[in-house]
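For reference, chains read A, B and C in written order, and residue numbers begin at 1 within each chain.
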Amino acid sequence: MLLKATNITKAFHGNVVLHGVDFDVRPGEVHALIGENGAGKSTLVNILSGNLVADAGEVSFDGKRVAFTHPLDAMQAGISVVHQELSLVPNATVAENIYLRREIRTASGLNDWSAMFEAASGIFDRMGVDIDPRALVGSLSIGMQQLVEVAKAIALNARLIFMDEPTSSLSEKEIRELFAVVRELRQQGMGVVFISHKLSELFEISDRITVLRDGRLVGTRDISDVSTDDVIAMMVGRSLDELYPVRSGHRGERVLKCTGLSRFGAVRDVTFEVHAGEILGVAGLIGSGRTEAMRALVGADPRLSGQFEIDGRTVEISSPADALDAGIVYVSEDRKQSGLFLSFDVAQNVSASVLGAEATFGFLGKKPILRRALDFIDRMDIRPRSAASRAIDLSGGNQQKVLLSKALATEPRVLIVDEPTRGVDIGAKALIHRRLRELAEAGIGVVIVSSEMPEVLGMADRVIVFRDGLVTANLDNHDGSLSAERVLKAAVQ
Amino acid sequence: MFKRPNSKNVSVSTIQYLGLSTIILAILFGCQIVFGNVLTEANMRVMAMNMVFEGIMALGMTYVIIMGGIDLSVASVFAFAEILVAKLMVQAGLPMGLAIPVTLLVCATIGAANGAMVVAFRVHPLIITLGMLLTLRGVNLAITDGRSVSGFSDSFIWLGQGRIFGVPFPILFFVAAAVVLGVLLAHQRYFRQLYFIGGSERAARFSGVNVERVKISTYVLSSFLAGCAGIMAAAAFGAAHWGHGNLAELRAIAAVAIGGADIMGGSGTIFGTVLGVIFLAVVHNAFVVSAVNPFWYDVVNGVMLLLAVLVSRLIAQSNTKKLLSIKQSKLESSF
Amino acid sequence: MMQFTTKAVALAALAVTAFAPAPSMADEESAGHYGMVVFLRGSEFFNWSYAGFQDAAATVGATTELQGPADWDASAEARAVDQLVAKGVDGIAVTAGDAETLVSSINAAMAAGVPTLTFDSDSPNSNRLLFVGTNNYNAGCAAGRAVAEMHGDNARVGVSLIPGLDSINARLAGFTECMQEMAPGAQIVAEVNDEGDLQRAETVNTAMLQANPEINVIFCSHGNPATGALAATRNVGRFDGPNKVDVMAWSIDVPILQGIEFDEYTATVAQNPYMMGVMSFFMLYSAANPTQFDSLSNPGFGHVPTADVDTGVAILRKGDPAIQAFLSPPQI
């Protein structure tokens, strides 16, 4: 066994994200690691590569017990990670990037470029690729840069390489090349752990597959023993143990129609409708384009095309302010960066998007702002019940309630909420779900973008699924009978 | 052995350097033809001396900017070094051989303080070094009451006015420093790390670069060079005065940016900076020989600076676009 | 590649527009080209000087240019002098932002045969031809006579000053001697240190007036304290009326001149920056065009006075037509 990890446990702020996970890699194998968002893949990789320290568990590498506290420890031992975001410097040559901190030097102490070029060429020969070590990294394609990352790992004498979503930015041809390199490395006895959402690729390249779910190991199988359906079944299986508000089943008039929404390099030709009385769920793995689509819809990011109708009338949207005027409000998933004014009090936050409404000749009155804040504190059950508490002092759940209040204060026709209950406690979660359902009943179009499968299935009357920038499925769920498998299948296959 | 690491294709920076050189030569010869008195030994010497102290500061600034930082404090470190070395010699009676090392040591310490604060407080270096700029300027005024200090020995004066084969010593110092720092930046592993820190601090850290140490030592280098420039300036002008070198930090930064370095860090060369310094000197000279209202000088420099920043930003943007294009072509082929 | 081309074209265009309107200097027929170097380039005071320089040059058909930093950086002045020498001008007038910093540049210019003088602020340790500016003793003397005219033997003067400066000491010596020559009973009863600071000036002058109620004139021996001194008279209730304390300022700043028109300040000692420019030019022109005999003090150059040139002061009171002239500064 090249790497053997047993009983790995890790918690953040009392929230356990890995529950005693076992994981191993054999020499000369490609091992796929898969799981839904938040299943614990990144945490596991971070622990095995020295970026995080586990709370409990043992790791042995090459038969020796190891305890990494820094990525450098792992690198020295022979474990490297090729990250999704590349860590190369564009203005340095390929060879220099490969040999950073381990430069080959001449007697005078300066870098011996020709020796480094030669050594780098040797590595590329070993990988079976043709890259000029003298080229500036910035002049290479993303796929070639990825191969440079791999070469960097090999130069470090890595015997185990983690590849985190390596294919997401690669063209089809580049993926072939990368796979050829991976096979070559396997041939030479190295271990490769391949983390990806794309089942088809995993089935093509890997020998074994390990599935994580909710921080637990579901199982490790030989790839020849399982089908894609088996893997999907292993990935889901989370029970709907929370209660969601009851659906009325009533489908009203069409409130929003979005046609042919495209965004350069992110989403293409997205079409969907939202009706009064129903909630539209937007599912898809992180990076699938769901958030990118919603941001393009409200004009927060530029788009290539897209027509929108509200209550049957065509509207022009080129900025979030236009969207607000048209009656569409978007609640960001990133409430601290682009949602709340953290140092402002609750009253100021709630009224932030409607400052114009109170103004008499441009002057803001205090009273209406306070009245509105108290009203929402009541409706959304914001604690503490004070309009003067600062947003930064509130809990995650109450911050989210303030953020929703701010959106609702604009009296929108369509409410798009991205990750409505991320980082929110159970009580607040239930309240937010209840309020969202009430809004839908009241005739407002509600769109919920969520990474949490139970939330999507529990709340939505209709679900659209994103994969690689496209809507791959539009599924009915008015009676709550939609299965997680169908959604996941559309998201990964 | 000193083959520069380069791609087979002509890189963007090569074109940029060629263009900048062409412009410099065009201005020089253009002014010579129209106004005359440009390509004389005297004018060349004056032209070089005009920008040499900013040039020395720009060398250190290149290191700082490549690393993704900035050092606004150099101008007041420069004046402080003038005043300190003058006071040590004229008022404290220290011999030149002692006063100069003490001054340089103090300047290096100021740089270490800059670097340590940048590292410790995680505040943008713009703010830290601006604070240092203003603080030291106040100190300079306070310890001199706004008056100049003078009365140097001839051997000290030589550091500013002495010539070897007709070339003033500060210019020789600049050339030597540029060659040494240029070679180190291009070929020495410790200084190559600057590119990695400027390119991606996180990635550099993961690759085992001791980011804190490199940062502090780079600010030390910048202050040290400003100190050297200050000592030579005191000798060149025969007096130390708090007002000397006012706004030199901006001219140094402009030289680096015009020389093609990305102000956000990660790229730039000493060669480019030297071209940038020469450009500023030549343009300034052109204004004198043409007798155009010198207020326009700042306009030309400002426009050049904006153009240089624009070019580096456009390159960065086109890189992002390249990345998105791959995804876009995948999207288009998926139907 | 494209971007670079754009950059180059833009630059070329810039270069062309920048240099196209340039006057061509040093024609064969021209009476020469002269440079003025100042600090605080763009300030009203030196604009007056340059206007005088320019106007004087025009009378003989010579051309001029103005160089120097827009701040206090005397080293930039030194470099500007070097530049003008390398360019081959026929003479340089420089006001020394710092006396010592300019020594070596002025000496180098003189050694290169370019006549160089200082104006307004001298660099006495240099080999400059001469200094053109206000003689401090004479200026103080004029102020002292004016006070003697106003109050005769009853003049009781408080002085606001910065101790230890040669220029101020000379002004005060001239003030005292000339005042007492005309009115032997007149006295200086107190001197206070305003440290060159406006607020400090108000504090110390107020204290001075309280301690010495007999004071009926405050003499401001330099440009800064006038506003503070005026505020001090207001603080002790002697801003107007029969007990008004007369404030004599030393400035041609617009607020002071307006204050005179409004009866706030009694008078001001006005230097003559325009004249400094005019005299600087003629001195340089004379030095650059030797006649039958060389200069006595600077062989090789034409004749210039062997003593400094005093451009004098005027004591401006309400209604003086010069006030209006100073209120409309020249355009350059």
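Note that a residue touches a chain if its C-beta (ideal position, glycine included) is under 8 Å from a C-beta of that chain, and two chains touch if they have at least 3 such contacts.
Note that the structure is predicted; figures quoted are calculated from it, not measured.
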| item | value |
| --- | --- |
| Chain contact topology (line, ring, star, complete or other) | line |
| Chain separated most widely from subunit B, comparing mean CA positions | A |
| Intercentroid distance (Cα basis), subunit B paired with subunit A, Å | 43 |
| Whole-Å gap separating subunit A and subunit C, where each centre is the average of the chain's CA atoms | 70 |
| Separation of mean Cα positions, subunit C and subunit B [Å, integer] | 36 |
| Residues of subunit B whose C-beta touches two or more other chains | none |
| Complex contacts: residues of subunit B adjacent to subunit A | 1-9, 11, 183, 187-189, 192-193, 195-196, 198-200, 202-203, 206-209, 266-267, 319, 323-335 |
| Touching residues on subunit A, where the partner in the complex is subunit B | 71-72, 75, 86-93, 95-96, 100-101, 103, 105-106, 109-114, 132, 134-136, 138-139, 141-142, 169-172, 264-269, 468-470 |
| Of all residues in subunit C, those that touch subunit B in their complex | 1, 3-4, 7-8, 10-12, 14-15, 18-19, 21-26, 33, 39, 41-42, 63, 65-67, 69-76, 78-80, 82-88, 97-105, 112 |
| Subunit C-touching residues of subunit B, taken from the complex the two chains share | 12, 15-16, 19, 22-23, 26-27, 30-31, 34-37, 40, 42-43, 45-47, 49-50, 148-150, 161, 233, 236-239, 241, 243-247, 285-292, 294-296, 300, 303-304, 307, 311, 314-315 |
